[in-house]
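Across the two complexes that follow, subunit A remains constant while its partner is subunit B and subsequently subunit C.
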Partner chain A sequence: MTATGRILLVEDDKFLRRASEASLRQRGFDVVTAIDGEEGLRLAREAPYPDVILLDLLMPKMSGIEVLRALKTDEATVKIPVVILSNSSRAEDKQEATMLGAAGYYVKANLSLKALAAHVSALIEEHASRG
Partner chain B sequence: MAESRTLGKRLHRGYYLLAVFEVVTVAGALYLAHQMTRMFDESLEANRAWQQRVRAYAALDESLADVRPPLDELFVSENLPEERRRFAAALATFDRLAATARQEALQGIEGEARALIQSDFDEIERAKTVMVQEAGRVFEAFTPEHTDRAARMLGLAEQYLLALRRATVKLQDDALASSVQTLEAQEQAAEALRGSETVVGISIVVMVIAATLYGRRISIRMQAADEELDRHLAAIGENERVLRQTEERLQLAGRATNDALWDWELGPDVVWWNDAFATLFARSGEFPSLETLNALIHPDDRDRVARSLRQFLSSPSDVWTAEYRIRRADGAYAWVLDRGYAMRGEDGTARRMVSSMLDITERKEAERMKSDFVSFVSHQLRTPLSGMSWMLELAADSEGLPVVARDYIADARASAARLSTLVNDLLDIARLESGRLVAAPEPLSLPALTAAVVAELHPLASEKALALDVSSDAGMHRVSADPQLMRQVVTNLLSNAVKYTPRGGKIAVGLIEHDSTVTWSVTDTGVGVPKDAQPRLFEKFYRAGNAVAMETEGTGLGLHLVRLIVEQAGGRVWCESEEGQGATFAFTLPAIAIEKEVT
Partner chain C sequence: MPPAVDLERLADFSDGTEEGLRTLVRIFLEDISQMIGELRRAVPRGDAAEIRLLAHRSAGSCSACGAARLGELLEHLEEAARSGRLDGSAGMMTAIDTELDRVTLFLTDYLASLGKTE
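Let's turn to the complex of A and B:
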């Protein structure tokens, strides 16, 4: 099955970025990557807008939470679903992200690439059906 | 004690007897004195009366001296009228005196003497009458011319006058004799009284001796009582000293260990706390009471502590422990380890509870730092771990790999998965222990959760041909708990049962609801838990010897995590087992009421 959609992947860890990018591309997604929060925010505001943003929390220059807050206060990006991929399972982090409007929150160590792709597909479908 | 009381009673009785004896003796003595005084007065009066009487009778006798001369001198003077007048005058004086004396005798004399004296007066009266008749004849017969006849008559008259004088003398003699008789009678009475006097005197002597002896006995007894009292007082003093020492020791122990102590009497709801407690927690003017004690507890911990205490008091156990935050006098919160001991009545009801609080703020701080460290390390571990897992996943999905390489990759993925579980457990424990894993309790159906976990473990159980049954009573088995954490509890307990039960064994899960408590249990036919290992089973990193021998992969974290989660949800977890005969692991949770579910 080949999925379609444009994904912005914001991840500072080289290996995680590479693995998730490869996995998503293999499944047919169009993937754009950013290596920190600043770049991620910049790419998110550039057309063509991504269908889904995968966002790490602990990153240099600008944290995932700051990026999320910026995205959700910007008219142009407010509707793009943002999935948080962190390795923090702190309830506070999850709560904050959810409050700011994150569409999902996953601990990377407990998530397979297969499951990640499934979540992304579901979000894109949901978004498309809503128009 | 009883003996001295009997002695005291005897002394009392003796005292009253002695007092009665004294009163009687003194009254007797007073009566006697009164009688003697009266007798003396009467005696004086009687003597005086008799003396007067004797004098009066003498005067009566003397008055007769004037009666005779007119008769004699008639023959000399031959003046008849004159002599007759003188005779009449002398006789009148005698009559007057005699009448007065007789009247007095009639009134003043009593008894035999009166009759005697009266008869004497009668005799005088008779003699006088005869004498007066004869004297009359003398005066009638007298004429100056013929004196012979009158002179012969005079001789007879003189005879009668002598008789009269004898009568008056007899009166005087009788009076004297009577007065003597009276004195003798009085003397006899006095003699009789003297006898009573002796009796009274002896009584007084006996009384004084008795009082002295008795007083001595009482004083000896009093001395003994005093000594006994002194001994008692000394004993009381000693008791007080020991008590003071004990209290001092308690206070000192509290001070030395920096332990705050509180003591709660459940019946009257009276609370006492030691100086250390007052210094550490109470604000000035704050008196010990259950309310103040409760108000000092951190609001986030208050319900948990109250629940735990309630549960403990209604259970049969003696020892209670809780860790919670309590407000210090300076307003900051301190972490304390509160260890209580309950004294129970025969029916098992807690009567009194004594507890010591150890300030564990520093330990808690260290724990927090440790848990921060564990969090940090775990988090840092997770990033390369997830990189590894994802790369291996990609590799496993690659095409055209040699079979051997595919096997190696599968093994590497399994190892990575175990590492991931280990890190998750470590993180959960660190957070639960620091109290920072905020559980999100919601109404939860334990049967549904159990069914989901059983389904998940079914492939593993089938592989070992294990029979896995779930049974439950009519209860709802709904609890308030964090679904993620509860799932971990049920998974850990069930996967342990699967892991440690040999091929072909049985695993039975049971759910019981009773007294607003749900009890979940799993019983297996596995290797069981050795007795010595049971109390330590829920400690961190602890693994029973026979479990290590059978299954090398365990971390010793699973059951510890189970305990932390269950206890945080207000429940209790335990294990019952005979080594080699299977084991039962059970936990309780408070059941939630129907109305809670509706809202």
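Let's turn to the complex of A and C:
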């Protein structure tokens, strides 16, 4: 399967960033990466805008929650689906991300790169069909 | 002793293709060796914050890829750094190095066995 779409991956964990990037590129996605929240927010606000943002929660400089809040209060980025990648399986963390507008929440210890890529594809299709 | 890596978990984490699995194993081996190398240098310095961060990240990578025993050893070191009890950290590091060798050998053999099925 070859997919299309621009993904912004904001993740400070080098291994997960490299593994996710390689998996998404192999499926045909255009992937841009950031290693902290500040860089992630800057790249999210630059054209061409990403179709989907994959966002870690615990990061240096600016947390994923702070980035998510900023994205969802900015007219330019409010419609971009954001999927959270987190070490935390706490229901409160998932609930907070969902309330702020996250389109998905994955706990890293149970992550499947196959499922993540399928979710990203579905979000891009859904976004495109809404125009 | 259980296998160094749970191949079922590794397959679950992967993107479901053989090429993806090869890439994943290569990235894991490169990164885990590098992170544990950094940890090996941090332990004699007794830098608890750095040890905690490196051990936490390494344990997360191990957990994602099914290297459960190596992940457990790293979590013990992370916990020791968190509680400020680093007096046994040199011994923990030796156990981590031994298990890293076992994981590396296991995955290298596994990659070779994938090649033979092509």
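We adopt the following convention: the second predicted complex is superposed on the first by the 131 of 131 C-alpha atoms of A that agree within 3 Å, B and C clash if a C-alpha of one lies under 4 Å from a C-alpha of the other, contacts with A are read in each partner's own complex, and residues count from 1 in each chain.
Convention: a residue touches a chain if its C-beta (ideal position, glycine included) is under 8 Å from a C-beta of that chain, and two chains touch if they have at least 3 such contacts.
Note that the coordinates shown come from a computational prediction; the quantities given were computed from them, not determined experimentally.
When both complexes are overlaid on chain A, the residue A:V107 reaches subunit B alone and has no touch with subunit C. Of the two partner chains, subunit C is the only one that A:A117 touches; subunit B does not reach it.
After overlaying the two complexes on the shared chain, residue contacts for A:A76 are found with neither subunit B nor subunit C.
Look at A:A128: by the touch rule set out above, it reaches neither subunit B nor subunit C. Of the two partner chains placed by the overlay, only subunit B lies in contact with A:A91; subunit C stays clear of it.
In the superposition on chain A, contact of A:R27 is made with subunit C only, not with subunit B.
Within subunit A, the residues touching subunit B in one complex and subunit C in the other are 13, 15-16, 19, 22-23, 26, 87, 108-109, 111-114. Residues 12-17, 19-20, 23-24, 27-28, 31-32, 35, 57, 60-61, 63-64 of subunit C are the ones that touch subunit A when the two sit in their complex.
In the complex of the two chains, the subunit A residues touching subunit C come out as 13-16, 18-19, 22-23, 26-27, 87, 108-109, 111-114, 117. Subunit B makes touch with subunit A in their complex at residues 375, 379, 382-387, 389-391, 393-394, 397, 420, 423-424, 427, 431, 437-438, 440. Listing the residues of subunit A that touch subunit B in their complex gives 13, 15-16, 19-20, 22-23, 26, 87-92, 107-114.
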